[in-house]
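One chain, subunit A, appears in both complexes that follow, with subunit B as partner in the first and subunit C in the second.
Take a look at the complex of A and B:
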């Protein structure tokens, strides 16, 4: 970017330097204004809300109460068990999204009969509206008539009470979300795989590398620039995934199936605790920010951009 | 620099233009906007009435926007926070408590006269009464759950639970997908009927929850007994499945609300409707009943008052109220509408009036949310055998108090 502006500078007179420097910003201004209005303003509003006691009875005239929401949040204690559950939820989901997605991508990247049909089939979970898939899964989890329990019974296992036992409901939600999230990771990985030069594998083959060595030393490192942002995105999405849990658990009733964001939603829209819910969201935002910064630094993915 | 200035000028112009467009002159043509939560067929009914209304009042336009129950509430709240939103909200009366607490609506007497209110059933009106003011103009009352039975299988409606067990057990054959008695046992709205049958009340006069009671323990025990002791019902039964089973003639008796009755007639079921049976050691099942009606936004412009008055006069006339009420087998609130032959001779309306006596008005205070949320997980835990009715009742009470404190912001 600096070299580009530098070229402009040499061509123009010094008096118009200000304009030259501001030209790129002028071009960006429409987008910036929209970003400010759509992202920054609501964000700042949310932060401001977290310092107030806006609630049902303080709807139009909330008071500024400083950090009291944050203090109450950590005194409450529920946040810790919910936090643990959220970590399990996010980790298990993203782990399987990436591993299954990568596995399928590698399969699809090979010569396979009927590959195009397979690819379409594998992308279907992504193309079907999320809540239709989630509700379909929910019916499959039904105790007496669900496909899963019927399959279990046929195979000689005892059927599982998916929707009445909160732990199993949570497991069910995880299974559903894994199914929903795999296609995205698979697409990204497939794109990355196709951009890897085949000659690298040929060279490795000549050197006598095994399949696993090829995967570890060529595929994985070359996929990293593609997969890292996808994993960050996937983590943030999963962390903030509200639909699947609510649809599978049938609402917010049971606290043993809730994750942090569903808790925020419950506080804001069931209990009308807008200020408190905003404080919750700010804490969630900070968690995700720290995670992303840490992950970016650890993998060094942004280095080229800097 | 000039560029920046001219650009910002253009932007200011665009913003002010869009701002202006919202304040179109309203003297000539008045638009009444209404956000509603009506089932599809009731919505069509509403449109027919609206078309006639607009024909009679060419300077008034009625625009309706449909939302689902939860969306209606949250969207109206966020719109009202910005001082915008519709002039009218139509929906169940439990929104009244929430909207009055957050001061989003105004008393209906700001628009209609006390005289006009005399046309309506007093108990229906009082459903929307908070702090001595009427906040909702109800058009139907009902929403109660009743016992629905297939007359081809059950000749006469059982009056007691033991009678029900006798007649229903014959048809109970889950292995072949046949059931004598079904309902979605995990849904608190159904469960409160048993709670009421044992004399339970969710709140005392001071709005304190009363879930940890003898009535709750008995009701939970009874719910759990339905499958374990009486061998009726089915694991994991939900609304849609019970509904489908009954429509296909695979269930002899189900419990469902007034909104659903006409759909079973349409499905060709030889439908019988009766109050819930008396439970062992208690009275008849006592489900909640509630009204549906119109609420007026706090931000409705003064100049629309007259038009709104006309709107109410027209939509809640005996004829039109009857039309809306007949659609969903809920009783009209307009007393004269109840005298109309079309209502009097309607089978479903008869059932509606026959079962409405065995109901308790559903509390509309915002604290009710905490009650629902407290009941559900414990009810599920009792049904799945993870806890005892006694412990569950204690835990419910604790959760309800926590929830109410959360709502109050304490």
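Take a look at the complex of A and C:
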């Protein structure tokens, strides 16, 4: 490296000799090596795996079997219902994250004595490690001793079989995940709201705008650049959320409670069908790729990077 | 006095509206806090009142017996030690990598910049299990199963994309003229970076370190497939094992969960202001 720097030193003017062409790459390299080694390489390895029949018994001598995993995947057909469930999971979660988060942020963005204490208490679900939240909700869903059924009984409702009925387990996982994700959106929205110039509202008020008009014409458009990346990120996080379902339904849980990513986890680590699981995850990746390309194009998120 | 009080509130709000706002906020606060209070409540119950079905937070005849059991009869201390080691290593490596990469993205134009920034963004979109399986096989073949290095590398790789963006956003707010004057004083690029710019970026560094630390501290799925030996497992793996034996260990699990959670919550809450600043900065500035 020193010879490279030396070469530039002799060629360049004094002011620019300090920053030569290799400097940015030196700063970048360590992070890049980790990313390539831990993301890109495993990714390509995974694609290769998807064309093999690797399993626990074929761990060191997998055969190349072409597209057979993919064909079987679509013949089995379970992926279609899991796909539908994943869409419901993602949509319901993100919808409530954003709407409740925005609602709370608007309430907190007013002059309100004691609001900083309220805000701190409201972000607690974000601060608790995810696995603890999931386990805690799981215990609250317990049929006889869980807080939720006790509360339901107290209110005169019949208790629900949260953890033995697959549909209710899935609903329980959604409730848990909504609880988990609201604070992130709330804080992002709050940050966005605070950056809006108060004089805009004053001007609107002078013009006689109603609260709803102010919200629609000032708040929403000015929040958009802050919320759009957060919503994209939130969507991807929710789509890929594995902890909540795995921990609430249990790794061996019923297939009717699984979303795409947890199904891959089950196939790989409970059934040891490595090749098949790899094909499954390639299909998921392609779905996400289409989604993110669509979003990148639609929102122009990369335009500002230059 | 009256005038003073009203200046604390929004000027056009009626009393009813203010009360309603407080009421709504308090309902949401209860929903946010209750699960943690519930764990706390169970952690104070003795074995014979574990399955009482009342919703009291502080039970009658409360005791700290579950805490004693968690700390001294179970392996909680070993799990904490393991988690501390892994998370600290992750924070340090993650910080080094993201500070320097973020600096490159913020200050220089170079061939492949846009592609590499895109790469960092795209990694956020990879489904975890898609990488988990090949990673597991790679780590097995590298004989890093039951080795903290087998955890450190994936943990750093997951934390880095976000912290790089965060650092870039922060460096963008520091004027370039500072480095230029450092160059005139005879610094080269690296000394200008770590002597002038890094100290100014302390808040962003703190958030990045916290983020990397917390993501490693709370990670269950990867740890669960890489660590198999009982004396090497981290907190999440240990706690999940405790919780699996629901009826026998519910109280002990709850005590352990409280011990694990409270420091993290305090740390997180006290730094949350910066965290959000960093997030929205990253959001607006790209």
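The working rule: the second predicted complex is superposed on the first by the 264 of 306 C-alpha atoms of A that agree within 3 Å, B and C clash if a C-alpha of one lies under 4 Å from a C-alpha of the other, contacts with A are read in each partner's own complex, and residues count from 1 in each chain.
In this section, a contact is a pair of C-beta atoms (placed from the backbone, for glycine too) under 8 Å apart; a residue touches a chain by one contact, two chains touch by 3 or more.
Note that this is a predicted model, so its numbers are computed, not measured.
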(message) After the overlay on subunit A, what do you see for subunit B versus subunit C, clash or fit?
(response) clash
(request) Applying the touch criterion given at the start, work out whether A:154 contacts subunit B, subunit C, both or neither, answering first, second, both or neither. (result) second
(message) Touch test for A:163: subunit B only (first), subunit C only (second), both, or neither?
(response) first
(request) Answer with first, second, both or neither: which of subunit B and subunit C does A:45 touch in the superposed model? (result) second
(request) Considering only the touch criterion stated at the top, classify A:273 as touching first (subunit B), second (subunit C), both, or neither. (result) first
(message) Residues of subunit A touched by subunit B versus by subunit C: which partner has the larger set?
(response) C
(message) Per the contact definition in the header, classify A:142: touching subunit B only (first), subunit C only (second), both, or neither.
(response) both
(message) With both complexes overlaid on chain A, does A:122 touch subunit B (first), subunit C (second), both or neither?
(response) second
(message) So in the superposed three-chain picture, is A:58 touching just subunit B, just subunit C, both, or none of them (first/second/both/neither)?
(response) first
(request) Return the residues of subunit A at which the contacts from subunit B and from subunit C coincide. (result) 18-19, 59, 142, 144-145, 269
(request) Under the touch definition given earlier, write down the residues of subunit A that touch subunit C in their complex. (result) 15, 18-19, 21, 23-25, 27-28, 30-32, 34-35, 37-43, 45-46, 49, 54, 59, 100, 104, 107-108, 110-113, 115, 118, 120-133, 135-140, 142, 144-145, 147, 150-151, 154, 179, 183, 187-188, 190-192, 195, 225-226, 229-230, 233, 236, 239-240, 242-243, 246-247, 260-262, 264-265, 268-269, 274, 277-278, 281-282, 284-285, 288-289, 292, 301-306
(request) Please give the residue numbers of subunit B that touch subunit A in the complex, ascending. (result) 1, 3-4, 7, 11, 70, 74, 77, 81, 98, 101-104, 174, 186, 234-236, 238, 241, 366, 369-370, 372-373, 376-377, 380, 383-384, 386, 403, 406-409
(request) Provide the residue numbers of subunit C that touch subunit A in the complex, in ascending order. (result) 8-10, 13, 18, 21-22, 24-26, 28-29, 31-36, 38-39, 42, 50-51, 53-55, 96-98, 100-101, 103-105, 107-110, 113-114, 116-138, 153-154, 156-157, 160-161, 164, 183, 187-189, 193, 214, 217-218, 220-221, 225, 236, 239-240, 243, 246, 250, 253, 257, 260-261, 264-265, 268-269, 272, 275-277, 279-280, 282-286
(request) Using the touch definition up top, name the residues of subunit A that touch subunit B in the complex. (result) 18-19, 22, 26, 29, 33, 53, 55-60, 142-145, 161, 163-166, 251-256, 267, 269-273, 276
